[in-house]
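Okay, so here's the structure we're looking at.
Chain naming follows the written order as A, B, C and D, and within any one chain the residues start at number 1.
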Amino acid sequence: MTALLEVRDVHKAYGAIRAVDGVSFSVTAGEILGVIGPNGSGKTTLFNSILGQVKPSAGQVYFEGADVTGMGALPLSRRGIGRTFQSLQVFGRLSVRDNLIAAGQEFSGSAAGRLFARPDAGLGGRAEEIIALFRIGHVAHLPAGSLSYGQQKLVDIAMAFMASPRLVLLDEPCAGVNPALIDELTELLLRLNREHGGTFVVIEHNMDFVMRLCTRVICMAQGKVLAEGPPEAVQSNRAVLEAYLGV
Amino acid sequence: MMHRRTALKLGAALATIGLPAGAAESEVAIHNNVELSGTGVTSGSMWKMGVDLAVKEINAAGGILGRKIAITHQDNQSQPQIAKAVATKAADAEPYVMLGPIFSGDVNVSMAVAENAEIPMIMGGEAANLTQQGMKYLFRTSLNQASAMPKLANYLAKNGVKSMVVVWGANDFGKGGRDAMVKEMAARNIKLAADISTEPGQMDFSPVVVNASKANADALFSYMNEEESARFLIALKKLGYDKPVYGETVLVSQKVIELAGPAANGAKGHVGLSVDAPNPKVQEFGRKFMQAYNTSSDHNGIKGYTAVYLVKAATEKLGKFDRKAMAAAIHGGSFSAAQYPGLLMDESYDDKGDLDRESYLVEIKDGKQVITEVLPPVGKK
Amino acid sequence: MSPLRWIILLAGLAFVALAPTQMKNYGVYLTTLWCVYLIAGMGLNLTVGYAGQISLGQAAFLGIGAYTAAIMSKAGVPYLAIFPAAAALCFVVGLLLGFPALRVQHHYLAFATLGFNMLVFLVLRNEEWLTGGTFGINNIPRPTLFGWRFNRPLDFYHLTFAVLVLTGVLMAFLLRSPWGRAFAALRDNPIRAESVGINTTFYTLMAFAIGAAYAGIAGALFAPLVQFVEPAPFGFATSLSMLLMVIAGGSGRFFGPALGSVVVVLLPEWLRFAADWYLAVFGFLIVAMMIWLPGGLLSLPERVRR
Amino acid sequence: MTDFLQLVIAGTATGGCYALAALGFTLLWQASGTINFALGEMVMLPAFMMLFFMSVLGLPLPLAFLATLALSLLVMGYGFKRVVVDPLIRHDVITLVIATLGLSIGVRQAVKGVASAQVFTFPSVFSDTLLTIGGVRVSAGDIGTVVVACTIVLALQAFLNRTVTGRAMQAVAQNRDAATVLGIKVERMVLYAFLINAALAAVSALLITPVYLAKFDMGDTLGLKAFYAAIIGGFNNSRGALLGGVLVGVLENLVGTYISPGYKEGVALVLFMVVIVFRPQGLLGTVEERKV
């Protein structure tokens, strides 16, 4: 089976600083890949290079066999890559339900067609499914900006699944979220993975979360891949410990 | 118009979109549509002061045929479409006479309202085209450009001007004056050395002065509104322009002299109306105006003042208040200052609403208008 | 909408439709002007309030529409063709104005649109062969549609009112469609919008173009209303009033411009006694409102409840 | 050639006045992210203050200017910051744009209400002598204006780069949080920026009003030109304001003379459009990261 996402020897330098220095890995469908590493190890730059927010200095990114290197957010989303951001990114004045529909409505039909489409763009049912799955029914009618941080985080992640993407990149989903919600999130992502065939790449600092969630982990340090393998193996890898503890 | 009674009931509820309180039976309503802000504020304020002064005098002396004048002023912001709205609103209140506007562009748009409502409109515009459209209710208070420019052009030709720069403001007034002057120049073989337009409200005139100097003509003719004229004179002085500068009325008006200060000295021009005219009635008006407002009247002050007195003169000649008859009476009518002192000078109107009277050539010396020549009315030539 | 709101809306519409029959010419003129500004204001509300772009150039589109109508009707083109022509021309020019918005945001965009407004103003004033320059174009005929002459002020008012209702319904339809949601997403978070497949380039351009087309229609009504066009009413000051109209009423609220245009167009008439001071107070009130009620007058009930 | 030089000199003088106003604008932007649409009114207001001190209280021009300067610092510096900007800076930029637009209407109309819509003459600080240098006629006023404007810009530049306070202000402009950590009194530095802005406005009023004449709406064009000058030169660079101002002043004169007087007012605008398309950070500006 070919890889869903393949990153081939990606480099990104800012002047003399090599933020990403030759990273390669691949993700197959159905996987949950964790990307860990200390602050400044190049995780976010790697993410941004994959997602077209910065243009890699060298190297290629392939999605479903097609070269998508340097493509912008819009074409990538249209190809089936969903993502969440490190900080909260919801449509504050729209209701939760509208947030979800907005995240799904542009994936079918033409622009002209959408002008004359039903107000919910035929996505009312799909939105209810996601709302039920994420258990946010009680706030579905409220403006997303008025919700608590944790609730907004759920909406944010839910939006990434609205259009049934084939791959979702999650940038520190646990940042600022309380432990109870982290548990809920873990369970949710595992369920999406098992029941809906969701494929994820997750950047995260919370080791516990990574250990419970991921099928495979990459550890980065100084822009390079330090270790790769099953969570337990990476966790106990000596080089990884050194990188984290600065031994 | 059909629903006036119902309008009274509903009008209160709508807090309506106001009409000035109707004039009482013992009063006669006059509406003044005037430039009290925007680019025409200088002209408009003078006109309004002249109007107010005349109204005060007439009312103190018992009014017109025993009825006092109830005057309403409304600002048209020097914008034609607002002037038209103001005129529409005024016409709804059915005043005896409408005064103003002063800017030709404002007149051009609002005169149709007066025409439709059959209300005489006595205005201050000088553009030639206004009275050429066969309006039955439109009257001037000053010479129009088409009759003023030949007088000035004759003077220039007589004084050996062979080529001239024309600087004009890009509005109806300036463009109209420019076109009239260029026509008269051509008729007298005066070369148009440079033809320079300026913005209404323009601040920086340096490029204009440089362009004018470059043309190296015998003289310069400036035709803009008051503020711009003053700024232009200041810029001419600042950059050392040394050819004679001519204007028509505005350039040598009191307001421009006041604003431009010493930079106005040496400017020459033709003036239809001036408080320094060698005419005791006009000078007496000048003193009264100065006393009332502590500022010197310019031509617009005289225009406003005589406009009100024209209403009085025409009405008294007729012996009754009748808009249609009054309009008919002014057409082709002559009014002598001896009989109606408020008119200051003898006036005669033709069938188009243009007037004719004597005028002057002046020069600014030490911040004062000095009359160098008196030109008789065109009709008396 | 709840039945109560429907009743209020219909009663309001009936009032606006019938009130001018009891007014004199000037009252009818003002109410018509209010409708004209409201149509342009609805368009601007789409650009500013729903799509989150800032525009200080709406008056330029009003001008383009008005001059299109003036020039075409003087040339004898029937109004049935003029309305779509004015709207289409403004749509295309609006599309062009949208391009700077793709590159710059916020204050840069404010200046860019303001500059565009000045440019249009200069063209209207300087290109005398086309626009009559400072003399403007006078004696513009009132429209004749389907053999019906809208010459009297009241008839013309009813035509304007009909256009207002039609454009209002179209706007409501647009805002309820998925496009409306996409505009709001663009306003609330353009970066997130891109990542969920919303083509922000397309919707930014559309927000400007449709907003401009509304101003074009308003302009095509403005010209025959005043029956005279010259550059002055289409300057920056009018753009500013229109923006204030949207903000004062409540930007991004459907009825915001309706209330805002009452404030901007009609209130000065009622406060005539305050003369110059009215505008001074008006200006300071805007400052106060931005401090205490940035959501506009229509957000007052929510503020009180909170 | 003489014409050309004369135009350039006159344009530089006008541009110097734009630059002073533009400089205040960039300072406020750097210090606090304030966009001030009432900039033109902030030049108009001191002009009328000076007129008031001169005509009502009978003060001579230098004293009237000092009194105006003090009043400007209080009202347009401190007052503007505390009453208008502080409560609004938390919201987005658009709110502040609208509020300062409202402020400009309010101030302008209030001045109109008090002083009428008439135009007033204003005495010049410079003599009205005319110098002839190599066939080029230059007014002492223009030279004086250029000298004053350049001196002020250079002095301000020196203040920002050489003094402790100036450097602290720059630190605040670059990174508020870091400045706080370093123990810089951020709020006070921001206040200084507002005070300098007010002083600059008062000086440009002194220089430009003798030529423009005092009128309630004189700030209209001036404010716009200053914005454009600021953006053309570079929003986040003090020297950029000078470059932008002079560029606009000179090119306006050249276009007005050699191309078309009708489109003179469009010069600043076209320059601005070109700049935002090809170099949005301005001629001398540096790129600001687009925040997510």
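The rule is simple: a residue touches a chain if its C-beta (ideal position, glycine included) is under 8 Å from a C-beta of that chain, and two chains touch if they have at least 3 such contacts.
Here is each chain with its UniProt name: A = ABC transporter ATP-binding protein; B = ABC transporter substrate-binding protein; C, D = Branched-chain amino acid ABC transporter permease.
Not measured: the values here are computed from a predicted model.
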item	value
Mutual neighbours - chains that touch chain A and chain D alike	C
Most distant chain from chain A, judged by the mean position of its C-alpha atoms	B
Chain pair bearing the highest count of C-beta contacts	C-D
Nearest-to-centre chain - CA centroid comparison	C
Chain centre separation (chain A, chain C; CA means) in Å	42
Chain centre separation (chain B, chain C; CA means) in Å	36
Whole-Å gap separating chain A and chain B, where each centre is the average of the chain's CA atoms	75
Touching two or more other chains - residue numbers and ranges from chain B	37, 170
Junction residues of chain C - those touching two or more other chains	125-126, 191, 275-276
Numbers and ranges of chain A residues touching at least 2 other chains	85
Contacting residues of chain B [partner chain D, same complex]	36-38, 41-42, 45, 170, 196-199, 201, 203-204, 206-208, 210-211, 213-214, 226-227, 230-231, 234-235, 237-240, 258-262
In the complex, chain D residues that touch chain C	35, 84, 87-88, 91-110, 112-113, 117, 224, 227-228, 231, 260, 262-263, 265-266, 269-270, 272-273, 276-277, 280, 292
Of chain B, residues touching chain C in the complex	1, 3, 6-7, 10-11, 14-19, 37, 75, 79-81, 84-85, 88-89, 91-92, 105, 108-109, 112, 170-172, 174-175, 200
List of chain D residues in touch with chain B within their complex	3, 6-7, 10-11, 14, 112, 116-121, 128, 130, 132, 137, 139, 141-142, 210-213, 215, 218, 221-222, 252-254, 256-257, 261-262, 264-265
Partner chain A, residues of chain C touching it in the complex	174, 176-179, 181-182, 184-185, 187-189, 191-200, 202, 252
